[in-house]
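Mind looking over this structure? Questions follow.
Which chain is which? They are A, B and C, in the order written, and residues in each are numbered from 1.
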Amino acid sequence: MVVTGSSAVSLDNPVFKAFVTHAVIVLVKTLVMSLLTTVVRFRELAFANPEDTAGRRDKDGGQLKPVLNNPHVERVRRCHLNDLENVLPFVLIGLLYVTTSPSLASALLHFRLFTCSRLLHTVVYLMPVPQPARALTFCLGLLATLSMALSAAAACGWAV
Amino acid sequence: MVVTGSSAVSLDNPVFKAFVTHAVIVLVKTLVMSLLTTVVRFRELAFANPEDTAGRRDKDGGQLKPVLNNPHVERVRRCHLNDLENVLPFVLIGLLYVTTSPSLASALLHFRLFTCSRLLHTVVYLMPVPQPARALTFCLGLLATLSMALSAAAACGWAV
Amino acid sequence: MVVTGSSAVSLDNPVFKAFVTHAVIVLVKTLVMSLLTTVVRFRELAFANPEDTAGRRDKDGGQLKPVLNNPHVERVRRCHLNDLENVLPFVLIGLLYVTTSPSLASALLHFRLFTCSRLLHTVVYLMPVPQPARALTFCLGLLATLSMALSAAAACGWAV
């Protein structure tokens, strides 16, 4: 069944239902990176702001000072930023792609490829696994997004 | 009145109208952070690029050089990045949530909680107000977004 | 022809078709910044993570170390972050704006102004062209987005 036009963004459309679920998974994963950053900041006692360190003692008993270059914190932050760079465009492009009535099989392939590759990307980045593991998971997700983007624009006849 | 399916993304749907207004408020607030960064860069004479400092004099009359670690500028930038991390997922998840036909009361509760907590978050971050004020405003906004995310995915039966 | 309500997000709506194409152009442009960052990292041998430098030699034949402050890499990254700050809100606000049934002429004006100004912004930032070129391209894009935001919220009667 192909759902067209105005009813594409609707729970009657199985493509849209699958999109919502995948979008929620990758967006919640991205949001959780904020909490993970906070956990690592506490573990490393590496806070970014003076009001965060106020009243806290460092390991030598002195007043804790803000730290902006802790490698463990910065790794989580780079992973988070990479999510913002890739997950947010995926959700936006995915939504536009859904409105162009792709087949359910093709849509599921794109959504599943992206979601799996980004979940793997986070694991690989945080462990970390040696390269080219991270480059590979990154590229797979990017390919899925670019494929949906070109498909959506083509369905619109590249009307500018 | 519950609006379902294809007509959810429509000005006929009061949930959608409320969503548009809240989304505009938090997105414009986020965009304004760029302008605020620029204002603070001029006040502190802390520009990031050589082409921004070209022809400008520092306080001693010498050629102004780029500065990447001014604490006032970096505070505004961290606040801006925190908005990107939270406001953009809110708008994406909120849009998906609207299509799942929540009750107007429940939707307004989520939208208002998020919008108020993020406006407060900015005030608290920029003043700054001592912790745990910022952590509290951050968590309230995050909870509103996560609640909408889980509600939307559940309405889709977690179809993956 | 003015398309209203539930059929606004549909390929039957020429405003929506034009929006999809412009959104794809600016989002793909933003995604490509990731690849450009990688190209410049290889050219400058300036990688962010120890697993990226493992087994690589620097110019003197020693073990390559992570570099977080290469000016060429950081310029591309600032340009990329500026895209995230502006392109993602444009697509979100543009989508809401489309649902409020703007005239095709007005919509095209906003979309084209934004897309052209952001493409120019990237060229100006990366060359770089002396100021105020970058400030001008930045402001034009921001104005287009703000105008759509206010228009969309007004169409919803600022319902909060």
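Methods note: a residue touches a chain if its C-beta (ideal position, glycine included) is under 8 Å from a C-beta of that chain, and two chains touch if they have at least 3 such contacts.
Since we're looking at a predicted model, the values are computed, not measured.
Remark: rotation between subunit A and subunit B after Cα superposition is 120° (nearest 5). Looking at which positions face the partner, subunit A and subunit C present mostly different ones, since fewer than half of the interface numbers are shared. Averaged C-alpha coordinates give centres for subunit A and subunit C that are 17 Å from one another. Among the residues of subunit B, those touching two or more other chains are numbered 6, 8-9, 84, 88, 92, 95.
By the touch criterion given at the top, residues 4-6, 8-9, 69, 74-75, 78, 84-86, 88-89, 92-93, 95-96, 99-101, 128-131, 134, 138, 142, 145-146, 149-150, 152-153, 155-160 of subunit B touch subunit A in their complex. Against subunit B, in their complex, subunit A makes its touches with residues 6-12, 14, 16-18, 20-25, 27-28, 30-31, 33-35, 48-52, 54, 68, 80, 84, 88, 91-92, 95, 111-112, 115.
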